[in-house]
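The two complexes that follow have subunit A in common; it is paired with subunit B in the first and with subunit C in the second.
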Partner chain A sequence: MKLSQIFRSKTGNRHMQFKMGIISSMLFIASLLLLPLLGNKYHLHIAILSMIYIYPALGLNLIFGYTGMLSLAQGAFFGVGAYTTALLAIHYGWPFWLTFVSSGVFCAVISLLLAIPALRLRSYSFVMCTLGLVVIGEAVSKNWVSLTRGDMGISGVPRPVLSLWGPGFVVSQVVHYYYFVLMFAILGVFLFYWVVSSPAGRCMRAIRDEETLAESQGVYVWAYKLNIFALSAIYAGLGGSIYVLYMTIVSPLIFQMYHTLLFLIIVFAGGAGTVGGVVLGAFLFVAIPETLRITPDLRMIIYGLLFIFLAFRMPNGLGPFLVRIGESFFSSQPKR
Partner chain B sequence: MNDLIIQQIANGIIIGFAYAMASVGLTMIFGVLRAINFAHGEYFMCGAFASWAVIHYFQLPYIISIPVSIIISAGIAVIISRIVMEPLVDAPFSTAVLATLGVYLILQNTTRLLFGGTYKFFSGGWLEMLTIMGVTIIEQRMVLIIITVAIFLFLEWMIRRTRIGKAMRAVAQNHEACIIVGINIELVTRFTFCLGVLLAALAGVLMSPIIVTIYPTMGEGMTFKAFAITVIGGMGNVRGTFLSAIFIGIVECFVAGFLGLQFREAVGFVALIIVLMWRPYGLFTLKGRF
Partner chain C sequence: MINTDQKILKANRLSKNYGAIQALNEVDFEVGSGELCGLIGPNGSGKTTFFDCCTGLVPLDSGMVMLEGQEITHWPLHRIAREGKVLRSFQKNVVFGSMTVEDNLTLAGQMHIFPNILSTFLHGLTTRNRLKSLQLRAAELLDLVGLSHMRSVKASELSVGQQKLLQFAAVLMPSPRLVLLDEPLAGVNPVMIENLSTSIQQANKEFGTGFVIIEHKIDVIMEICPRIVVFNIGRKIADGSPAEILRNQEVVEAYLGV
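Our next item is the complex of A and B:
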């Protein structure tokens, strides 16, 4: 069976498909586990950033790739999660796992409130409304000075401490952070895979492909949309939480369009509606420009050209394209 | 206090006129293409920067910089129209979002690469004070009002009476029927897009002496404001855009004057969300598009 058929077939050999997915993800995880042996601190830093961005990108993938609603609010919830963790850790001294969980919970609560106006809208109005949430988030973080210290930002977020009891182990070195974030990334990706391959995931795809038909078949569209909006916000908030635990500093700059656009390009270019494509996209579009040390302006111009190219020539993203390349690489011998 | 309120309303109306001119292109291109244009504010920025460059590098007077920057923006508009906007006819809406986000990134960062990311002082315009009925207005603002009113009257006439205006309305209604009766959709799209870009650039040139400092990311804020204005006015509705721009301008001036300047940027989107909750199709859209 061809590799591309395994990845793309809907009715094909599910067992084979599953096995290929397991093998490739195992190989990928193994290579990530071994990366600290090869790379220096800078490489590890880039890899950490890529893995952090997997979280909000997966949230966007859930809401756009699987459910078909293009939401730009990921940037807003990323920032809200980051601020929640920073404030709780500094003012109340909560341990990292508690701040991590409460960022997710807080984002979920906020997103449920915001879903009331947002989910009544469709296509372009929905895009603009969710974009509005980013702008409002930025305005709040800049102007609520007594809470967020405005443009000065919050610095000195305590580093995560791993402990069951006693003093515990402080995550401070880059290598420690690498494994810390890697653990979260693996957990997030597998939870995501579990969600989208469940019956709920099938309902989501039904809503994406034909909303009216899905509703007539008994899929409760409104509840699904509400839950998915909240779940994508949770993913973004958890990503923001890990981001601030690593960076130990947060400022209103976290709400700028750069982050929103980065999540968009990871999902669109990686392949919306796939898990592996998005994970790969996070590494490709964060790691490669950082490694090549292209100046930010030029990098954004390249991103822009890439956006236009992808929109017209490759609307499915790079994922299927890479699978095709891999197929021609592996199957040099004639088939059956 | 009373004087202050009248002054704020006057300021708001003038700012609203500029917003109307900057965002009318967005609503027209939505009417024709059913695509939202994330790059629209960048043309506003391009107009301002072209004018600044002409004044700064060639020491030419402001009046000459206006036509020069319009010509430069027209060149940019034609290129982008050919490469990006015309292939968007009948494309799914997420394609339009992606492609215009790409244009936005390219324009903004090219400007930053060419001129640097710092704030620039715009030294042009007519800045003498005029006092009309107790309200003090800078001459530049009077110029802005006169030009905007002239342009909107022209747009009304063009859309209702001319051949190309009728073609635009037809394309906004039904693409297939347009092909059947022989309307060139690509041509109409190009015309609409270039007209919108020219108006945005003109708004940028005329606003620069009022906002004094210009910077490469100024277009972003303008795009967001234009989104809010066009959605509130009803997407594809030119008159609604004009009214909602003035509404947003007045609200912004009151918020800036009584709550604080820093809340100004969020006014548009807060108004947008409130209006969308109440009337998801916009305030003025009952009488059809255009």
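Our next item is the complex of A and C:
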């Protein structure tokens, strides 16, 4: 049986997309599981960072890609999550899973406090308001020296210990970390997929498309926005938590625009409103600048040119582009 | 409070100002169950504002709105919609463009079967049956408006007329008692107009749904509505059968012309 026949299904487009999605994600996970056999430590390091960034990028995807509100606060929540984990682990000696959960909860609380006034604002003012949180985050981490040790940052965050009983297993080598983070990434992506394919996911897309129409059909838009803002903050905070568990050090540099921009790039160029595109984007847009280190002088110029190219050739992002190619390859060929 | 009154929607002395412009001026309005009622009047006479005020889209300055004997005057739009008794369509051509036709309808029906927000996030085996029932209802309505073959097409790819039909099907999703249609025929070609007005009459007969229809195509309105209300400059100036309206001197001067 030819590959093209597998994808030709009687129920049409949607079913085919679903099948393609399952098959390609299985292949992708399998290749990730095998990566340590092929790559060296440096490759694994890049892959680990990519998988960590999947979290805040998915959060941004949820609020921007699915709900249509541009929030720049992902960078702030990423930093807050990292600091929360670092401080709780060092000062109270909490196990990693507890600090992980606490980071998410703390970010949710802060996001709700911000969202209640911020959701009154429309489009641009909302963006500015969320940007303000990044600036505040950086200022607090720099100036509240007694808590955050200022610019010196916090180092020596204990490595995560996996234990059901006894002394347990310390995640210390890069390969350990690789599988540790991979597990979280797979979990995060599947949870995300579950949320966006729920009735609530349909509400999000409805709010993005036509807010008033959604409201006139019984969607409590404000409450959804509030929940989704909190959920996206939780995703960013959990990402920050894993980040600091891996790096074992955190400083105010985490609040730099670099992170916020990186998340934006991953979502915009990967494909806002898609799951696969954003996951793929996280790997590509972390790996590409690293690969370009072979030409240090031209590195950022080439990176920039790449974005201009992407903006023109794939305005909806990489994910939708690949889906379209896949569809035209598998569906139109056998019919004609 | 038990109310044996047959009126579904009762508006009492509604007033609304936009700055110096008085969009609604003490308007009284009642619709009974299963009634087909046309709402006509010149541009800017307050027809759409009346819908906006009744459904909670814009806050009222004064007056009272009752829905089946329950006061809903200051309820927000989404809450009135979730009751599922009175729903409205919009003058602008609005559909959820990135979603399929079927998804548009599922969304229009789902908020009535998922009462709280958390339950829409937590879905799984238990919600599957409820979503199935929505799909059946959607299929029924797509048959009614003749869009069955477009089920899995993205709504943005439909023509203007088809989008109007979709919008019409969407308001019927939760089986409302009363539907407020805002210019459902604007920009629709003659064949589609025929389709849509038949669909309205059919829905009225089969489901017992009441309609209030804002429309400038007077001939169509006169044909399908046994009762017609006329607005002018924020006031109700006439209310009666098509024949009475045509004879009303004030209406002829204000709107119908000579």
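Going forward, the second predicted complex is superposed on the first by the 287 of 336 C-alpha atoms of A that agree within 3 Å, B and C clash if a C-alpha of one lies under 4 Å from a C-alpha of the other, contacts with A are read in each partner's own complex, and residues count from 1 in each chain.
Keep this in mind: a contact is a pair of C-beta atoms (placed from the backbone, for glycine too) under 8 Å apart; a residue touches a chain by one contact, two chains touch by 3 or more.
Being a predicted model, the structure only gives us computed values, none of them experimental.
Touch criterion not met for A:191: it reaches neither subunit B nor subunit C. Within the superposed three-chain model, A:22 lies out of touch with both subunit B and subunit C [touch as defined at top].
In the superposed model, A:98 makes contact with neither subunit B nor subunit C. With both structures placed on the common chain, the touch criterion links A:175 to neither subunit B nor subunit C. By the touch criterion defined above, A:200 reaches subunit C but does not reach subunit B. When the shared chain is aligned, no partner comes close enough to touch A:34: not subunit B, not subunit C. Once the two complexes are overlaid on the shared chain, A:213 sits against subunit C while remaining clear of subunit B. Touched residues of subunit A were counted for both subunit B and subunit C, and B has more of them.
Only residues 55, 57, 77-79, 81-82, 84, 87-88, 90, 94-100, 103, 106-108, 110-112, 114, 117, 120-123, 127, 131, 152, 170, 173-174 of subunit C touch subunit A when the two sit together in their complex.
Across the complex, subunit B is touched by residues 64, 70, 116-117, 120-121, 123-125, 127-129, 131-132, 135-136, 138-140, 142-143, 257, 261, 264, 268, 296-298, 300-301, 303-308, 310-312, 315 of subunit A.
Touching subunit C in their complex are the following residues of subunit A: 12-14, 194-195, 198-200, 202-203, 205-206, 208-210, 212-221, 223-224, 227, 273.
Subunit B meets subunit A in the complex at residues 30, 36, 83-84, 87, 92-99, 101-106, 108-110, 112-113, 117, 220, 224, 227-228, 231, 235, 260, 262-263, 265-266, 268-270, 272-273, 276-277, 280.
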